[in-house]
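One structure is given below, encoded as structure tokens.
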């Protein structure tokens, strides 16, 4: 077992709306990532996966607010730090965050090298520009990015190139954790493949120690990460290795999710797609019992009112359901 | 019958009557140096009851083509034939007549509805267009209730509500209810599932297949998701830079692709049974 | 709709602006009911009477007197009537007479009077004092004694038969009159202006006229801008090209210059408030056109418009039901700004003497113009112009505040 790079313990955060209502978007999430491993988060829109990514940085700005929980990066708890300290000492060097729209966040009037200088200077203000350039060129060459990109403006680059550049710039300080929230969803498939290839190289060469990857595209997640956890209504409902999660899901929600995968492979035309009717619960007033009960085919009265514990089986797998693993598998088998 | 079984049957459509076809359809934007050819001399034949997918990445011209098929924009060159006869949409009246034969579902359910109009008025519009203007109130309500139950919605719960009070999946289903009321010959679905969650996707796909099976509609399904196109369609057209690079039965095109572009597209999509070969892309190619 | 209104009235900026504006409107409606009459009536014979309550002296003598012994009345009187000049003269005499004045405070009327009464001696002669100076001090003493004595003012009337004055009554220092029992009292909260007109009444009436001009200018500008913007944006093509050409021509000519030229070419007699409002509106529609056009262009390609087309709706119906409601909030905001700038433009024009005809109605600009022509600012008559400036500022401040509030509600990117 490797060294734990990132550990999150019972993290709770909320949004406060314009009308001063609380929305509990992340409600008691715990997980950890070991060195050299990557973890994927899957779920529908609005399940809290992007909020979780934002909450992980320990840097909160309205309407997002921290409630409780710990975020521990390589042994250091960052959840109690002041926002300014987080910005100066954590972001970029310990943890890097790439949102979906990252490539559109580049200031069009600046050359790429300026962003590189900004990132480095935020942590080491004395470093001279020449050595930053050398460092950047070396890193770009290793990641298969032409060094000429450094002297270009963002508008001169294609979407895929921009996204790869953003990733290269944000990981220049070798962060221990990279959080990527749908980094390739806006790109065409070939650019997406290149972005993923580059991220994999970053991991293999040890520039980043661990990765949290968020996407709604399950086939992509399956190919990118070692482990997958499925989020629903602000909670994690199931966790396991990528292979187990895709081919052998346990929780009724992840079962439905995995059965909606469509890939251009022989045999998929015959597969049965699962539809899950209904909508996720309103997180202003989360239900008492199982949050998925309203939409679950197998739900009983117990499900709606009992607090559902996280259960572990097969050593490392976790799921959140009242029914037993064998019981669930039997039900799925009958269909 | 479940979605899968319906989709499984690979029928031959070449002997069926033509529903919509195009000869040398071209769309050019701008003039002179700034000229861009969005759709470049494409030919196609869509048959009655056929489920056709047009697959292309962003910028391939598939949305421009769909606007031309719908008659919302004019082709720069070429001819579109509706039910074997050249299409005439030269004036408002003829356009209205054409639109009784072809209808659409758009990508973004949140921008597809006029948020100032109630759900009832959206559905009533369809009844009126089909010549049901003089029907009694009860008959109209019965029609709307039937359409809503076709898409698993309850009209009694929707009446007097506004579209934005529904979820994305429900809105898209309401769109299908609209099509059910209109009963056009052709349904053009422009990425109808790309903005809805995976869980609602199956429901919507099922309803599209029902429209085809129960009403005999031709469905033109526009998507960037080749896995989805393979799953649902009879015929697949692959579009690149304004041209159809390959078309044919779904099984043939996806499992034995011939065009280089199709091959690349299929190999670049992440899969779950076959290995996703990252070595096919070279990071140094500036793209 | 209900939710939008709820959001609008949750915005502190909008509510702030709305309250100020509503207060001004209420004043405009209610005040003429309490105090009816022609706002341009010249009530004062002199110009620039100070703000305050004016009591008819004649009626006051006729009213019922109520004698009162107020302990401080005499002191107040002395305080007010003993001029600074007299005080200096008194101190001068003390000095000449060799009295110790080191502890004397010239402002302390009591001490001054006591010292005078104790020490002044008309016979006292200082060496070298001129006769005139001696007489001056005697006269000073006389007037001081008069102030102190329990004198009465005798009211007299001419006897019609003899033609001689006959005493009809006396007003003593202890006589008081209840203001309410005086028949004619005039309260002028802001005094009178150069023509002796009640400034406050004039101001209230001017707010109404200026608002009307602003409203008219805003309506004309918004109507033209909206129509042209909708046409250019939705129809496009040649129509768009022509409209944008005209709009661009109007945009590059400074609208205020255009405004001056147009109003200058209309003779003073024909320039009513409505004409000025219309002219202001005619010169300020260009920005509305441009922004409505760009919004319509982005709406035109939205799916709900396409869907409406596919449902066979006519162009007019699509524009009215699928486009207009989406830009309505924006148009309301543009309208508010146009009203505000219309009021300001009227004020500017009138300052230059190009406003509405002067003899009919007062406007905020005309009031400023009058105050300026009769140099109210140099002779210290602040009440003739300062309240007008404040009113103009308050009106445009409240309108702009409402606009910012609406902007934050309708434009989510501006929300904090």
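Chains here go by letter, A, B and C, matching the order in which they are written, and residues are numbered from 1 within each.
The rule is simple: contacts are C-beta pairs under 8 Å (C-beta built on N, C-alpha and C of every residue); 3 or more make two chains touch, one makes a residue touch a chain.
Bear in mind that the values here come from a model prediction, so they are computed numbers and not experimental data.
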Chain pair with the most C-beta contacts: A-B
Chain separated most widely from subunit A, comparing mean CA positions: C
Centre-most chain, if every chain is reduced to its averaged C-alpha atoms: A
Distance from the mean Cα position of subunit C to that of subunit A, given in whole angstrom: 63
Whole-Å separation of chain centres (CA-atom averages), subunit A against subunit B: 32
Touch list for subunit B against partner subunit A, complex: 2-4, 7-8, 57-58, 152, 167, 169-170, 197-203, 205-206, 224-231, 250-251, 254-255, 264-266, 268-274, 276, 278, 280-284, 286-287
List of subunit A residues in touch with subunit B within their complex: 44-45, 143-146, 158, 160-161, 164, 188-194, 196-198, 200-201, 216-220, 222-224, 246-247, 256-257, 260-277, 279
Subunit C contact footprint on subunit B (complex, rising order): 70, 72, 92, 95-96, 99, 103-104, 106-108, 111-117, 125-126, 129
Contact footprint of subunit B on subunit C as seen in their complex: 302-304, 306-314, 321-322, 325-326
